[in-house]
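As written, the chain order gives the labels A, B and C, with residue 1 at the start of each chain.
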Amino acid sequence: MQVSSSKFKENAHDALKDDNLRAALNRVKTGFTTARANAAEGLPEFEDLRDKARDIKDHVLENLDYYLEYFEQKVIEQGGQVHWCSNASEAREAVLKICRDVDAKTVTKGKSMITEEIALNKFLAAQGIEPIETDLGEYIIQLADEPPSHIIGPAVHKTKEQVTELFHEHHQQYGYTEREEDPEKLVGEARAVLRHKYVTADVGITGANFLVAETGSTVIVTNEGNGDLTQSLPETHVVVASLEKVIPTLEDVSTVMRVLARSATGQEMSVYTTFSTGPKRDTDLDGPANFHVVLLDGGRSEMIGTELQELLRCIRCGACMNHCPVYHAVGGHSYGWVYPGPIGAALNPQMVGLEEARDLPNASSFCGRCEEVCPVRIPLPKILRHWREEAFEKQVGPKPERWGIELWGFFAKRPWLYRRVTRLAASLLSMMAGKKGRLKSLPFNNGWTSVRDLPAPQGSTFMAQWKSKGGRVK
Amino acid sequence: MSSKEKILGRIRANKGRGPLKKEHADILSERIREHSHNLVPKRGLIPLEDQIDLFCGKLEALAATTERVMDAKDLPKKVQDYLKEHNLPSRIKMSPSPELTDLPWKDLPTLEIVTGAGAEEDVVGISPAFAGIAETGTLMMASGAETPSTVNFLPENHIAVLDIRKMKGSFEEAWDLLREKNGDQGMPRTVNLISGPSRTADIEQRLIMGAHGPKNLHVILVGDGEKD
Amino acid sequence: MSDKNKKREVALFVTCLVDINRPSVGFAAVKLLEQAGCEVIVPDAQTCCGQPAYNSGDRRTTQDIARDVIRHFKRFRYVVAPSGSCAGMIKKHYPEMFKDDPLMLLEAENLASRTYELVSFLKDVCGFKPDDVEIDAKLTYHDSCSSLREVKVVDQPRALLKDIDDLELIEAEDREACCGFGGTFCIKYSEISEEMVDRKIDNLLATGADMLSAGDLGCLMNIAGRLHRRGHKMKVLHIAEILADMADGPGIGEKR
């Protein structure tokens, strides 16, 4: 995917002016947060399950090499293949080779963030293989030629009217000449168009929410059933997954599953959770003849053993962005790469470089709501702070900001000087404000007064008054 | 060096170690072999009849419908009633499982029973569930020679049949049952956990049923709860 | 029992915003602590808890400041700040910051265990009740993120406010949402902050309250500044000013 994280401020500026987007983000804010709160409330063991899920993921990350090899062994025993890929380009080539081997013309796809990460669709299309997204949200943004703006609701930014126009433009070739406006009918139209594609596709590509080491199974979670049709109807099933998705046992999957949907959409379970294990068996009446797992590293192994390792616990539920006031304000596209919201702000500097993504960890008020709702308790604010420290150390970012902090630090470490300067500043600002009690602007360009008045200091500082009153200081 | 070696090498280097020592690896393989239950929510750990109530309540909240027959031989009639009531065609795609095919369908000559995998033209599908999970109102469907997975997904109307002797309180108990049945063969090709009919909220977060999978899910529970 | 008669000695961590911008909050805190039977000391070498540097990624400066704070407040059994944010910095982040320095970690954890946010200290440690406060108002209360999530102060301010006879507490929608302050965030990303504070303000105004309070001056200056910019008249006060019956003067950013 094209990276535009360095334009975060411009992207955010445009997003804030987009009324359609604001209406859409408002729905995210109210819909998902209430649903998650109810789901959490509805299961007395929820908080303990979060701890367990965290512990399971930590256990895996400590022994990741072991579980990956175990998983591969089981996939092979079941008649499937695992393709280890260090980076996006290797993963794209692996998928292409599988497609070429079966002479594939069309590929249906279940929702997969990893295929967004490796920009698979554009690549396959350039090779003459037609990729067809089947998750409704992904399908909509594929028609619109846009990246997803949310990891579980890729088209949350689109209005019904925009979908109407997209379908009208792209479905005429299938005989749908009327402009359909009713959402239910729009869904019906997509269902009918895609139905035939499932049956005729040569390859089905899905992502994976989990890779089960014990059984060599891959697991997808959907509400629409598109992933199920994608993984069962074509002759070849390709799972594209990143390596941190591996989980030891079915019991461990069950534990993590219990916090996944509840955190994501507030459902107790997504409608379909599907375990795919190897190709179809000799006596099976359906299922793919070939089963491949394309296992992507993509910078993750480098995070093991570092301060970023905890990010690899992420189960991609989207709760952090659903609860993030910055995401609610600017939407997913502003972040400029595949992963938006707090997880994106924490992950993207690693994936696309700190120079490119330096705004993302800075654009946070550290309100902490993301960590509060993260099902696997990733300390997201702590990781954002890690990036700020990294940027400060490496002198990434505007110099004046840095000078400002250093100057402030100089005074803050010298109480007697600090007293004098603060007294002076307080009385000066107080004087400037006069009887109004606030300032509408400041003589220097200021992000504070561009948005709000500055309540003026009352006059003398507390410390000065306390001393003049003879208050105890020792 | 292969990509596999590079990836494993990076992981190990960052952990400051080589491949796991045998003692350590044995602990992990033992952990998998034991596959112990983690924390299992209490809500499903209740008597069978309560589990049935919980299961049906959860499924109905998910916009599925449920009913119960005490005796399996009454099932065909129930299916016929359901089709009539919902104005559905009388052609049914049925999983070729004796659990269903052995029932007295011949008594209802207006029904057209076709066995096999699901196909694009199917409107109604009927299949037996491997287990029911009361905790969340979830059906566990396991693929096999008699239970093709596509019957659960391609038809717009799915009727799932659950023998209540297969009702379990939690996911973990359902996995236990699957392991018991499958022995050394490992997992079936496809295991579907199904909690309600297909839906999407991808257009303005409005909930719309029947996105790609079945629009309607009807679950018929079979049995009187007596062990035979 | 001499212990009962002996006053609790409390060191007040004034916070830089209160010191510079609104000393009346500091004096309200002193009054409340004295009403609660404490003897208040304000160590005069204090400046700031270090958050501006911490949140800007300048760990070295932050650690220097933290060492000073730890030293200056070493001898006090209780350290109290009229701010969830500064209390949270000391309680949660100081120990995190020294996790690789065992000696300083001990010191930091020790200070953390003695540090309290003002309202929770009054309620939980002193068993304080507001004394004869006369305010007739409809009030809505904003939870600062650090009060809510770092020091878990949620029920205490509400309990104390409810003890004031003529004060009606009306809760706003989406109480747990951030107001968009975030220290330097609100200056560096002013447009995003504006959207956040506007959403907050819309919810606050919808309560119909004529007064707003919170336990953190940063949030209050942000919200009050935006309220005034938008031309609204809601009176904004720190909760210490209300509990200490010092609500008569001009609210934050008001004419004086």
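Throughout what follows, a residue touches a chain if its C-beta (ideal position, glycine included) is under 8 Å from a C-beta of that chain, and two chains touch if they have at least 3 such contacts.
Computed from a prediction, not measured in an experiment: that's the story for all the values here.
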item	value
Chain contact topology (line, ring, star, complete or other)	line
Furthest chain, CA centroid comparison against chain C	B
Centre-of-Cα separation between chain B and chain A, whole angstrom	30
Centroid spacing, where centroids are CA-atom means, of chain B and chain C in whole angstrom	53
Centre-of-Cα separation between chain C and chain A, whole angstrom	33
List of chain A residues in touch with chain C within their complex	9, 12-13, 16, 29, 325-326, 328-330, 362-369, 371-372, 382, 385, 387-393, 401-402, 405-406, 408-409, 411-413, 415, 418, 422, 425-426, 435-438, 440, 446-448, 450-458, 460-463, 465-467, 471-474
Touching residues on chain A, where the partner in the complex is chain B	24, 27-28, 31, 43-45, 48-49, 52, 56, 62-70, 74, 77-78, 84-86, 90, 134-137, 140, 153-156, 158-160, 163, 183-184, 186-188, 190-191, 194-196, 198-199, 213-217, 223-226, 228-229, 231-233, 243, 248-252, 254-255, 257-258, 265, 267-281, 283-287, 297, 301-302, 304-306
Complex contact set, residues of chain C against chain A	14, 16, 18-24, 26-27, 30, 39-48, 50, 52-59, 61, 64-65, 68, 96, 145-146, 149-150, 174, 176-178, 180-183, 185-197, 199, 221-222, 224-226, 228-229, 250, 252-256
Complex interface listing, chain B residues touching chain A	2-4, 6-8, 10-12, 14-16, 19-20, 24-25, 28-29, 31-32, 35-39, 41-43, 58, 62, 96, 116-118, 120, 136-138, 143-145, 148-150, 152-154, 170-172, 175, 186-206, 208, 210-214
